[in-house]
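Naming follows writing order (A, B, C and D), and every chain is counted from residue 1.
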């Protein structure tokens, strides 16, 4: 069975989700990953949209987190304060896993979703933090979800919107951020982890047909590819469920 | 038409309410005053129970602020935080008038509803602040509602639960309390005000048949009765509405 | 946190598992409304002692726990039962006899403290209680607070508003977060996953449940799977906030449960006399609680009177005026 | 504060009375959902300029106000429109061209700032944004903040938790309250007194309305007196929080209004092209907004397409899959 880079990426992220997880996701691919996880790997996981809907019916795919489609047959509606309080509250926060994207990422998993240039002379402007910084501060082991390009994987960010490991293994502690840093970066070519000691990004797994050196070439900083192992192809059953159950209209996968 | 001390007391408090007022009340006599005001003097005033119900239908008299009777046909339900936030918020707080009782009051309108004795050797224990301290801090010109006895009108409180004018005309400012102090004390014998300069309680009006000097005798501190004027009798129409519309079962008036 | 999908267990299991000696607890409801009374009775039955209770205005539940000697410390705003007891009766006696230590706050402050716990922050600010003894007099002295690390390190802190444009700025009072070990609430409906719906006023129950390390929901009715998703706007707690669901019709009796049944006036009038005398109260506990289970208690305390307190479906309470 | 009992006025009266030049405003909704678009269009029509806007994630309303040159400063968390614009298009261009000043916060922080305003406190604490440029980089510099007393005196303040038992204690971030001059929200239902009911998610609308000095509610339907009291638990705003009620069917169009109509995909796809070019955008404003009233705008922008976006009563949106 053939599959697209988007499909293997979505499945790779979905596999990270466990039954006990409360998955905070945006729309687009990150939502597909959360939905696929529920259908394939973690049927008891709970999808929680940043706009405040918990365990939505999702009879149709929403095109924004505030889409009415997240409201239909949800278990609960929360205000924004309530939503983010569930992340900041340690009882519930420890079971939350965020799937977050960004415009740029650096070797320590710090994210920029705000702007490029200097803050008073903006060259490129993005949407802003939204809830990404909140999630990154409150929730340990988020899944970062990005395509690999030289523009996105950069040595230094113009603006640090959401803290990753900041600059070493002690800097989150020094900044008094209680939760742990990100655990994983799921891309269209493979999966990156963070070194236990240095907290630098390294290539953990690469998708079938991908050459680890090609990943290095597309990443704007040195990345350790020596430990990388190949990931097996997605199973037909996984692809079938992904296509038929999570995005039958091909609104996002195409 | 004959009337009881409770009836004239309730009507005297009710007369203080204006159409624009949002009346924060407890149960018992203070609630009767709020309901009477709505029926007689201020039909557009809004009754707001500390337990969170706004503009309740009140088809039957509730016996506690959390009685299900405050929930039937209310316009809104609020959580406790929301309820008190409406008082602390200046936009809504300026239109709120509280009707509060207490176990003790001093010459400056400070209230004790906590205990008598020293705080670690309690001699008499009362229910505690509830929302009285919050109301007294947030809302200017509350109506205090108490029967006159030597035990209740005392020189010095064992415990200052709710700030009145504290000890002079500047002490609320010094304590950085934004709202003004209480405007009036409605009792079963007459109505007390607070002197503009000294902020000490004085007798403003006394009910028909009451001798101002008898009030002085029942108050445990010196109270200026020289400015007191007699209050006219309640009108038959007022009494009729009070009896027939606010407490037809005589649950509280008797 | 229980992340399973079937959380329905028995009352004795729920209390036995989560409420242990020395626990810090909070219970839902307000004066004579929606206190989790069946759970309170089970705590008494299991003789769990030395509890620390956080309450804004829990009337009946607080009073019975105190009377039965389960509580050693209470942080409260108000202990009264409306017309039935201007001050809760056992609370009053045990305070005077120094059998419980009391720390007083205002209603708003207790509500904010639960909200701080729910939000995961160490404190919240308010202007309430400036210039009062609520700030000045501490029930738990600094030494006790130093030794017992489960207590807030300070009762409250006055600080200057750091955003003020004047110098010195206005003052604000910071009140410390509460994160009880266990919160118990009684709701009209919950489903097996823990999704919970309260009808009528919710008081502080939502924040109390979110702030706690463990939450027990007792309920009149267990909803079928998916049923509560028909109107999510009426559900206050998501499944992941709830550890145990206990099916307990009349679980709030003798307090009211809006839409289901009223408070029992006859019981409260009787309780007033019982509670005023510790030996009578002890007999009440022995006879009505220790030797019963929940349904036997209802039968004994209310019996056929239960039909008198059932709620009128239109008003949500038992219509006094219609019954005359 | 309008304490009258009939607050129903026309859109042009409501905007003319409360939204004035240099005002600080906030609007309800989230990205492509329940933005008060008719009110946004009226602000554009009345050429009210130099507005300061506070937003967490207002997509379309924010973008049109910026494109039309009404906004000079924005404090925001997120300016995107989901799949239709990862970054709002006019917002992007005006930021780069320095036509607006932007101050960035997180979604939670903006929500907390509105809540602080609603609660009447000067700040609220959070752990969010420690170690980030959201704390370090200020869009409004200290000098500007000193001069313009309507701005918060500081973007945010890091302080030590004074209740901490360790020394130095953990740090918390204090974010300053927002009290907009005017908040405008669009609801499904309100009554003449101002009691307001939103269906579906409410986002931050409730706190935004409570925090504002004046609140305008535009709504799909005006409820009869007393009608909303049938289910108080579904009403979010009491009458005394609302100054003006404007009856405006399709008042959120082209954004979605849960249970009433969906967002208009065709409009958004078209808008994407229009907004990318300021001269095209200017023509859009001239032709579609300046020379219309609200119902003419709906007719012109959507016409018979309106039947395509009407909500299915069961799901609350326009069922794409059913239409195929």
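In the analysis below, contacts are C-beta pairs under 8 Å (C-beta built on N, C-alpha and C of every residue); 3 or more make two chains touch, one makes a residue touch a chain.
None of these values were measured; they are calculated from a predicted model.
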Sort out for me whether B-D or B-C is joined by the greater number of C-beta contact pairs. B-C
Distance from subunit D to subunit A - Cα centre to Cα centre, in angstrom: 27
Once you find the CA centre of subunit B and the CA centre of subunit D, what distance in Å lies between them? 40
What whole-number Å value describes the gap between the mean CA coordinates of subunit C and subunit D? 37
Give me the residue numbers in subunit C that touch at least two other chains, ranges are fine. 120-121, 126-127, 170, 200, 233
What positions in subunit A touch 2 or more of the other chains? 53, 71, 77, 81, 88, 138
Name the graph shape formed by the protein chains and their touching pairs; answer line, ring, star, complete or other. other
A full list of chain pairs that touch reads A-C, A-D, B-C, B-D, C-D
Could you please specify the touching residues of subunit A with respect to subunit D in the complex? 27-28, 50-53, 59-60, 62-72, 77, 79-81, 84, 88, 114-115, 119-134, 137-138, 159-163, 166, 171-172, 174-178, 249
Which of the residues in subunit C end up touching subunit B in this complex? 29-34, 56-57, 59, 76-84, 86-88, 91-92, 95-96, 98, 102, 104-109, 111-112, 115, 126-134, 137-139, 170-171, 200-204, 206-207, 256, 258-259, 262-263, 311, 315-317, 319-321, 324
Quick check: in the complex, which residue numbers of subunit D touch subunit B? 1, 3, 5, 117-121, 179, 193, 195, 210-213, 226, 228-230, 232-233, 235-241
In the complex, subunit D touches subunit C at residues 120-127, 149, 152-154, 157, 159, 161-165, 170, 172, 174, 176-177, 199-200, 233-234
Subunit A contacts subunit C in the complex at 19-20, 22, 44, 46, 53-55, 57, 71, 73-78, 81, 85-95, 138
